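Input: a single structure, listed below in structure tokens.
We call the chains A, B and C, going by the order they appear; numbering starts again at 1 in every chain.
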Amino acid sequence: MEQNAYDWEVPREWNIRDAYVINPDGQKICDFKKSNLHVLGYSNPIDKTISLDELQEHLYSLPDQPDAIPYVTSYYKERWSFCIAHKDREKLKQGEYRVYIDSDLKDGSLTYGELIIPGERSNEIFLSSYLCHPSMANNELSGPVITTFLAKWINTGLERRKYTYRIVIIPETIGAITYLSRNYKDMKDKVIAGFNVTCVGDERAYSYLPSRQGNTLSDKAALHVLNHLHPDFVTYSFLDRGSDERQYCSPGIDLPVCSVMRTKYGCYPEYHTSLDDLKLVTPAGLFGGYEVLRKAIECLELNERLRTTVYCEPQLGKRGLYPTVSTKSSGVPVRDMMNLLAYSDGKLSTLEIAEKINIPLWGLTETIEKLKRERILELSE
Amino acid sequence: MEQNAYDWEVPREWNIRDAYVINPDGQKICDFKKSNLHVLGYSNPIDKTISLDELQEHLYSLPDQPDAIPYVTSYYKERWSFCIAHKDREKLKQGEYRVYIDSDLKDGSLTYGELIIPGERSNEIFLSSYLCHPSMANNELSGPVITTFLAKWINTGLERRKYTYRIVIIPETIGAITYLSRNYKDMKDKVIAGFNVTCVGDERAYSYLPSRQGNTLSDKAALHVLNHLHPDFVTYSFLDRGSDERQYCSPGIDLPVCSVMRTKYGCYPEYHTSLDDLKLVTPAGLFGGYEVLRKAIECLELNERLRTTVYCEPQLGKRGLYPTVSTKSSGVPVRDMMNLLAYSDGKLSTLEIAEKINIPLWGLTETIEKLKRERILELSE
Amino acid sequence: MEQNAYDWEVPREWNIRDAYVINPDGQKICDFKKSNLHVLGYSNPIDKTISLDELQEHLYSLPDQPDAIPYVTSYYKERWSFCIAHKDREKLKQGEYRVYIDSDLKDGSLTYGELIIPGERSNEIFLSSYLCHPSMANNELSGPVITTFLAKWINTGLERRKYTYRIVIIPETIGAITYLSRNYKDMKDKVIAGFNVTCVGDERAYSYLPSRQGNTLSDKAALHVLNHLHPDFVTYSFLDRGSDERQYCSPGIDLPVCSVMRTKYGCYPEYHTSLDDLKLVTPAGLFGGYEVLRKAIECLELNERLRTTVYCEPQLGKRGLYPTVSTKSSGVPVRDMMNLLAYSDGKLSTLEIAEKINIPLWGLTETIEKLKRERILELSE
């Protein structure tokens, strides 16, 4: 049973039990049980004996990275192949090789995880990560790991949850397209911001890839957090995209989804090889990825439009919020509060004000609460 | 009788007749009659004998500027204190000190000066300066001085006065808030531009602090003048504000008020000390401050929307306005006139055109008059 | 019969048969038959004998370019003069000179060339060049030459001609004004882009002078071509204008006309002298000028608004347009196609998309055709 998703058909379900090559010396090489990467993803079953020359046509390796087994797939054309470290490929001798792949393709299902965490409002924040690159650590297991921890924090750690959260873990591309084809109408008017969570586990860099539109609420939150926490982050262009923002930001879909990453897919040598492993991904790397995404979500939750309840600056002294002696430098400690008030015109959001006055939004929380309690600031929404 | 002004109450009126400290040797120090700065502004009356330790709690001085008496006030909390040069403070010996302040607080009035000079139109240009820092020369007597000379020039020197002028000299902050609370409704639709006049007397720099909105007519005029007359002027951010633009540009008020200054308050060492005196403020410094503000007002008066009365370039030669021989360089002397015509489309104002063609607006006056007389340009308003 | 054109009157027609000066030695100098530049353009007839002093008042020469005869005209005031190389002027001796000009001014006509090449649409692309600087090669014969070749290519070389072409060769200034005064109403709603073709024959530089508005379709096409073909081109300001964009971009006319040139008038030493000749203008120079204008026109013809017919990325693999094996770098060869699809939202034009994805528009033609054939892209207009 094939399923349509917009212009695509979900390919049949692939299952694999074992795969290997027996070399002329009778040794088992390219053993699926040692590394699943040895088999081209979605390989047809095979069991025959062939010459080295014929085998070579079914091998993938990386001459520039002789120790690495490449990660290669072929979802949309049936073939079979093995992937091998180039240094091992160079040792192959003339002779007969038995190639064995015990796999099958059958009607099945496209499985994905979806979690809706309701908030005060039906407006949604959308988190998407993907799970289809077996054995890859930064790209990609880091994504579902961080997404899971974010879900836990959203569910139990967020003091007040203004927004509803739509969290999905899907296969990349076909999963995103399938999910959109079934949920886009519902998402269209609800999703106010979203993040594609990928490559969030190494320690080398922080990276930002904008939405197609480039200035959505997600982009603003991401840039605000990165500017304050990791000002040396790398900014990519939407032209450098390569993950599910390809679908989420496609014309007509246009969801406000950007990516906040550690080192971006395609930009580190271990990418899509057996070297993208737990040497590359570390607890500190994962924590950094988690922290920037959590802060970005916090900014979205904190963001609101406020206005002053009085004309001119309020008399803060009588409320104990302003120094009573006026000297050369008495205004300094209350500067951020005064700046916040000066821009709270009901038009600028607090995220925009925080950017303007160069304070992290989370650094204004206490001041905002104080001024709301004093009824000097009020919601303008 | 307390008066309300938005969120504020006007404090009671403070009057002081004398104040001093008698040291253990019987000498009079911190003598109000020598410098009013010796007394904390708004000090309560006192007359008692205290120890040096107790006195120290009522003294302000500046260790970094040992020769300067600081200027300190406490309008919104009743206390008493003396201000003293730090080098004199360090000479104080143990012993008994008599502290004497002959002041009182009583129901009184907040006094301000207001001058309306009517023009052809009810639209207003607003000038505001303040008078509440006794003995301070640059910040602040320079402000009322220049404002007074501007008023004189507006009243008698301006050939044609298109706009009505609203000129106020008030106490800073409470005066501006009080004035707005009584006049804002009237000003709201009338004021097209305004300047906060302060720190316009020294020779060190020219400075510009924008309105909150940042691109009002005042800002455009100020920048145009400074760019042409003093291109090395210092540009501040609205975040650096600290005078009555705090009120005039507050949310909901949003008057188009910016500041054109010499050296900005807070940005010179003598600021708010006894050193801000007539060594710092000079005739040349004052004249420079006067000139940029007068030019900015001239630009506002000159500014208008013009359009050409004919399609294509007019035939200027037949009117004697264009060279009759065409050589390599014959267009040079009429370049500005041609540029003015090329942009006079009834949409751009002459101030905007002057910016675009990089000529001071006042340098176009003669050309504009000539082209109006020839009926090649006409008002589009 | 004088003719009015907006604010101008077409001057009477000037014809000249011969002109020279006879020096005291009886030799013929300033001989019109050797160079027409020797006579001030539009000179009255004269035949008299005068002193050297009087002659000097009727001579033009360039002390800085002693070998060059300057090009000088006086269309709007009747006078007579000769132009002479400065080194020859310095050799003139005291004595009597016969000055002879056999010219006349009479009612005549302003002659211009106009070619309308109809296309599928009534919307027009406008090309204008001028023909009034006799003996000048770069400024100006290069203009009519290239315009003629463009007309030939438009008429016979363009595969599909979406737009109608209005091509004029006129006298500068008075010709443009006259043409507009008779045709502007017809042009107003039709002309979508236009180029003033001048100074397109030397090899020194490529230059761009914007329309008054600065961001018309002509400007976008010109900049796109120059950025891709000659990224070191010189950008001028509209303030540097000096040709018929003075009329085409005048207030109220506002046609979308900019200039793509080789070295701009006024910016090379030979400008408006006898040195602007076929040493300066070369076949390679002319070809370069032709090529950028032809490419700009191609861009206008190619430009359209497209939209994807499906949500999300289309499944290109099943159409043979996408590699079936996914490796580290399999996306590279299809990058431009994917980028084109990602921005084809029916709002951005293909010219804007090409700019955004940094590909020359003509480099996308094949891909666009392929995607239209596959019904993945369709016109959104």
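What we mean here is this: a residue touches a chain if its C-beta (ideal position, glycine included) is under 8 Å from a C-beta of that chain, and two chains touch if they have at least 3 such contacts.
Keep in mind that this is a model prediction, so the values were computed, not measured.
It takes 120 degrees of rotation, in steps of 5, to superpose the Cα atoms of subunit B onto those of subunit C. Homomeric contact subunit A/subunit B: same residue numbering on both sides for under half of the interface positions. Each chain gets a centre from the mean of its Cα atoms; for subunit A and subunit B, those two points are 52 Å apart.
Counting partner chains per residue, subunit B has no residue touching two or more of them. Taken together, the subunit A residues at the contact with subunit B in this complex read 307-308, 310-315, 317-318, 324-328, 331, 338-339, 341-346, 356-358. Contact residues on subunit B toward subunit A in their complex (touch as defined above): 5-9, 40, 60, 62, 70, 72-77, 79, 173, 176-177, 180-181, 184, 212, 238-239, 241-242, 246-247, 249-254, 266, 271-273.
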